[in-house]
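Shared between the two complexes below is subunit A, which has subunit B as its partner in the first and subunit C in the second.
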Partner chain A sequence: MKHQLTQSVLQYAGLLGVLLLLIAVFSLSSENFFQMQTLVTIANSNPDLIFVSVGMTMVLIVGGIDLSVGSVLALGSAVLGVLMVHYEWGLLAALPVCLLATGLCGLFNGMVSVWFSIPSFIVTLGMLEMARGGSKVLTDSQSLYIGRSIEGFGEPLQSISLSPAFLVAVGSVIVGQFLLTKTVFGRYLVAIGTNAEAVRMSGIRTAPITVAAFVISGVLVGMAALAQTSRLSTADPNAAIGLELAAIAACVIGGTSLMGGRGSVIASFIGVLIIAVLQSGLAQLGVEDATKQLITGAVIILAVLLDALRSRFGKSDA
Partner chain B sequence: MRSAWFSIALLVLFVGCSSKSSTAPTGGDQDASPARPKVALIMKSLANEFFSTMADGAKTHQSEHADQYDLVVNGIKDERDLSRQVALVDEMVAAGVSAIVIAPADSKALVPALRKAKEKGVVVVNIDNRLDRDVMESESVQIPFVGPDNRAGAQKVGDFLATRLQKGDKVAVLEGIRTSFNAQQRHAGFLAAMKQAGVEVVSSQSAQWEMSQANTIAASMLSEHPEIKAILAANDSMALGAIAAVKSAGRADDVLIVGFDNISAVQSAIRDGKVLATADQYGGKLAVFGIETALQLVNDQSAAADDVETPVDLVTAETL
Partner chain C sequence: MSELLAVTGMTKRYGSVTVLRDVAFDLKAGEIHALLGANGAGKSTLCKMVAGLTDVSGGQMQLGGEPYAPADKPSAETAGVQIVQQELNLIPTLNVAENLLLTRLPSRFGIVQHGDLHRRARAALDRLGLSDIQTHTQVGRLGVGRQQMVEIATALDRQCRVLILDEPTAALSGSETERLFEQLFRLREQGVGMIYISHRLDEVKRIADRTTVLRDGKWVCTQPTREISTDDMVDLMSGGGTGMATKTASARCLGPADAPVLSVDSLTCGIVQDVSFAVRAGETFGITGLVGSGRTELLRAIFGADPADSGSVTVGNRDATRFSHPADAVVGGLAMVTEDRKQNGLLLDQSIRSNTAINSLAPFFSRCGVVLQQRERTAAQSMCEQMDTRCTGIEQIVGTLSGGNQQKVVVAKWLTRGADVFLFDEPTRGIDVAARRRIYEMIDALASQGKGIVIVSSDLEELFETCDRIAVLSAGRLVRTFDRSGWSEDAILQASFEAHRSDAART
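Let's look at the complex of A and B:
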């Protein structure tokens, strides 16, 4: 048991090192960075990216990719907005419809790419356009202000200053990691990502498992839509443009392979935190925009490099 | 061994964190000199020349008045990245600024975040894109707007264009992002001027404020309605996109183009006769106007938080 704990800490040591290093650098250079309020603000601003990255990790592990997450988020947000503003539904009635819509997008992505053997890169690229168009049609290209009826999920709780959205997002990380490492489903995901042919040869139907990964991603994007819409109090048809790249960056920083077969939900979560801390720290310093982009790119590469070095040393240790 | 070091690092982190937050309650910083307030300027995309000019103007103003206030400038990646802009508001509040001067990426979505900032005692001033009145009312918050009347400005540009057109001529309009108040106001100003002159608007589409989209859309407008005599662009970036479209359609001589914002690229285009007119809302000073209002409110809590209207002037080859 103790050994196992040491192992898992070791597994994330490189990543956590990068995260702590960033926090240390910003704490030294900006007087107000190292404060509960700043750290809590960072946590509460990013549940959407956490949800999306959990789903993206699963899809990447099974050997796929989901480029449509940002647009599907906007679609989910549009569904929430239209139902709650034009039809005056409550959140509890609108949320299942939102999750159904984004889940169906995931189902479509998975089924088309599996059944017709089309690379998911292409199917989800198509979905990226379709869902964006759909969200604009639904909202008539207007952002819809929803107001307090949706704000509760994204608003910090009085007692712990963290928002329910962040807590649920962390819950999804834990459930995701459990699914991946402790269940048969998770092992199949890794196996299919490593060598789909071999899995099929051993008599396991791979299609439903691959499709399931896309559906999980879709539903989690729906949760991300709720988190973002709640934080903004507004359904925005232009929401989350480029979110797919942020999510893929978070997963890759966390060591998930774009070739499939390898990845960890917790590591992707730390990847999200690295990106979020970097963004927020640079903003507090008021760094020039161009410099921000240079630094962000460099840190992504640095984090991946450190992780690669760690796994090399880790292997020689064991 | 390694894990031991790691636990120590974590421990240090948490201890440091909690002790610091207990000595510095709710973002107040005692070490900073008491007199100098910190102002956060939150812009839209700083890749857009209009906003970077605005930000540069603010930085120059700050360096001339360095004894009066500190300035942090932040922008977002592109004009539609609402979520990041809302996060910036939260982060600036956490960083303990005294005032936020903001050019909102969306006139509705920013209101709740700004309300929360005000509740924490931060002075908020709205520049560039006016926040939605209905949403402010339902959030029961009042935020002063410091800026130009975009509708009147667009109408001036439209009126000037109308002097070069005949009654019954046809024109096309390139709109900004339709959700933004500025885009709606400029569109309304253009339409009003065209209606008054008896000119027909045969096509009006949004090019999202962007040059490349404006280029594509203007090109398709020209092939669909070859009879159009002028293109009215709601900002100068889109006017530049329209110039390229007109040129590649071989219509550079007979299609007039007007813009809005008076960016430097369009000034040279006006001198070359490629653009007829634009409107100057003194972009370089817009943020400064906002900062001045914010500083007044910070220094005098009792001052009334009223809207301030700033000038908009027509720019043509004669005025340059």
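Let's look at the complex of A and C:
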């Protein structure tokens, strides 16, 4: 048991090291950075990316990819906006409809790609367009201001300064990691991502497992829609453009393989934090947006490069 | 006729295994020389060495009196040696003309000259009488037989002195075969030497001038074809040996014959036609046949990996059924150790533990969907010990194990899951003697527990050692079943060729 604990600490040591290094560098170069307030702000502004990255990790592990998350988030947000503004529903009534809508998008992605053996890259690319179009149809391409009734979820709690959205997002990381490492479902996900035919020939139905990964991704995108809509008080049909790339970047920085079969929800979570710290640290240094993009891109490549080198040396050790 | 190709002392080793030993062979200009042998006799290996597809472990080759040692396929082609292999080497997304002239596309400044390309391709096809194949057709859209013809046209179109054909007619219809033969006769008149591998003995009898027989990687004889009958050919391939049982296993109690643990009735699936057999509890039932006779296809159909078209499978006293997914088959009491462990038997990047437990997690090693890791580890550990798997521990990645130990993990997976009937497809292919011994012991132990065992193998020694009965498939049909007292290498080989001989009626 002790051995296992050491092992899992070691597993994340590299990533945590990078994260702490970033924090240290920014703290030295900007005296305002290393303050509780900065870190709390970073935490509270990223629950949406955390939710989405948890789902994305599962989809990537099973050997798929979900490019539609940003648009589906906008769709979920549009559903919340329309129900709460036009129909004056309460949040507790609107949220299940939002989760249902985004979950169905995931179900569609999964079923079409599994049943017709179409690469999920293509199916979710189509969904990316469809969901964006759908959110614009629903809102008539207008932003809908919702206001107080939705803000509670994204606002920091007085006692701990963290928002419920962040706490629930961290909860999803914990549940996601548990699913992945401790349950039969998680073991199947990894096995299918490694060699789907071998899993099938072992007498396991792979289709429902793969579809479930996409559904989980869809539902978590619904939670992300809630988090973002709550933070902005507004349902915006143009929200979250490019979010899929940020989520994939977070997963890849965390060491999840785009080929499937390898990944960790906690590592993706740390990946989100690395991206978030980098972004906000650079902003505090007064770096321009263009330069920020340049640096963020370089960090993603560097992270993957390190991972590739690590696994190469890992292999020669074995 | 002058000697065109002469090889002596040809030897091929893979590691410590010698698959071809000191074989001599010669080919004259204007001759069709048939190469015969049972599975694994070394025919394809010899041809691959001549065509530069595999390195030579020992021996000399001479082509047209000059020393010849091709480094790779292109250099063999430059020297005038062409090979048409059993498996198709066409690019399905390119059209017929592009495939035909792939290595020498007519071009000017790097731009393909389409008129020229299609003209030359047309001519090559017409020469084989393939006027119905359009040069613009994408190759992937052609049937297998037509693809084979395109492949042959490709080889015939290149200038060659030696043409090697490995089972060229396996996928061809009767009329296609006739047209191919006409071409071969034409080439013969032009002085091309041809090496012809086929399981169809009547074809060999008809077209080959001389016949060389290989057995167990060794040269047996070379004779003018007209001097030997197809019966002689089979005798020579099998060594006329009795191959009597060397079974070490103790006599077991078999279950009652009227209540078999597995019965397969009129199963039909693709090449597999109307196959029926029954296996009693405690019985080990072997299935053999030539490559392409439908052995693997039969097992896959039983297991539901490729759903059967008709017929039924009955396990124990359950209802007769036809499995449509391996998951159903496993629930129905079957287990299958697949032929290609890397392709569909193992999760190579994962641990021994994961691989051993993968299909036992849901039924045995979990509660409410949560994996009981201690139980999983214990089971994997005890399987490792039971199978004597050589590893650093159950967390070792399976891909880093030797072939024999990998196979033990596949077997361990199914032992952990448990079943009433175990299907083994080539259980010991490419693994060392010690691992092989261990797997035979496991099979024997399973049979003693009253399980039904089906083993598909092309290695007759293996079947003689492990089986109570051996069935022979020929062209998808189960043609004969032998029991211990009646089997011999010769009889089994005769039966294997049954569907490929016009004189099959007489035994």
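In this section, the second predicted complex is superposed on the first by the 305 of 318 C-alpha atoms of A that agree within 3 Å, B and C clash if a C-alpha of one lies under 4 Å from a C-alpha of the other, contacts with A are read in each partner's own complex, and residues count from 1 in each chain.
As a working rule, contacts are C-beta pairs under 8 Å (C-beta built on N, C-alpha and C of every residue); 3 or more make two chains touch, one makes a residue touch a chain.
Keep in mind that what you see is a predicted model, and the values were worked out from it rather than measured.
Peer 1: So, on subunit A, is it clash or fit between subunit B and subunit C?
Peer 2: After superposition on subunit A, subunit B vs subunit C: fit, no clash.
Peer 1: Going by the contact rule set out at the top, does A:41 touch subunit B (first), subunit C (second), both, or neither?
Peer 2: It touches subunit B, and subunit C stays clear.
Peer 1: Per the overlay, which chain contacts more subunit A residues, subunit B or subunit C?
Peer 2: B
Peer 1: Once both structures sit on top of one another, what is the angle subunit B-subunit A-subunit C taken between CA centres, to the nearest 10 degrees?
Peer 2: Between subunit B and subunit C, as viewed from subunit A: 130 degrees.
Peer 1: Return first, second, both or neither, reflecting whether A:241 touches subunit B, subunit C, both chains, or no partner chain.
Peer 2: The first partner, subunit B, only.
Peer 1: After superposition on the shared chain, which partner residues are touched by A:20: those of subunit B (first), subunit C (second), both, or neither?
Peer 2: After superposing on A, A:20 lies in contact with subunit B but is clear of subunit C.
Peer 1: One more residue to check, A:261. First (subunit B), second (subunit C), both or neither?
Peer 2: second
Peer 1: Quick one: is A:233 in contact with subunit B, with subunit C, with both, or with neither? Answer first, second, both or neither.
Peer 2: first
Peer 1: Can you work out, in whole Å, how close the C-alpha atoms of subunit B and subunit C get once everything is superposed?
Peer 2: The answer is 22 Å, the least C-alpha separation in the overlay.
Peer 1: Does any part of subunit A touch subunit B in one structure and subunit C in the other, and if so which residues?
Peer 2: Overlap of subunit B and subunit C footprints on subunit A: empty.
Peer 1: If you look only at subunit B, which of its residues touch subunit A in the complex?
Peer 2: Result: residues 2-3, 6, 9-10, 13, 16-18, 20-21, 24, 26-27, 29, 31-32, 46-47, 71-75, 77-78, 80-84, 86-88, 90-96, 106, 108-109, 111-113, 132, 134-135, 138-139, 177-179, 206 of subunit B touch subunit A.
Peer 1: List the residues on subunit A that touch subunit B in their complex, please.
Peer 2: Residues 6, 9-10, 13, 16, 20, 23, 30-42, 44-46, 48, 141-145, 147, 151, 228, 231-234, 236, 238-242, 279-280, 283-286, 289 of subunit A touch subunit B in their complex.
Peer 1: Residues of subunit A touching subunit C in their complex?
Peer 2: 182-185, 187-188, 190-191, 194-195, 197-205, 261-262, 318
Peer 1: Which residues of subunit C touch subunit A in their complex?
Peer 2: Spelled out, the residues of subunit C in touch with subunit A are 303, 305, 325-327, 329-331, 336, 338, 343-350, 354, 358-359, 361-362, 366, 369-371, 373, 397, 400, 413, 417.
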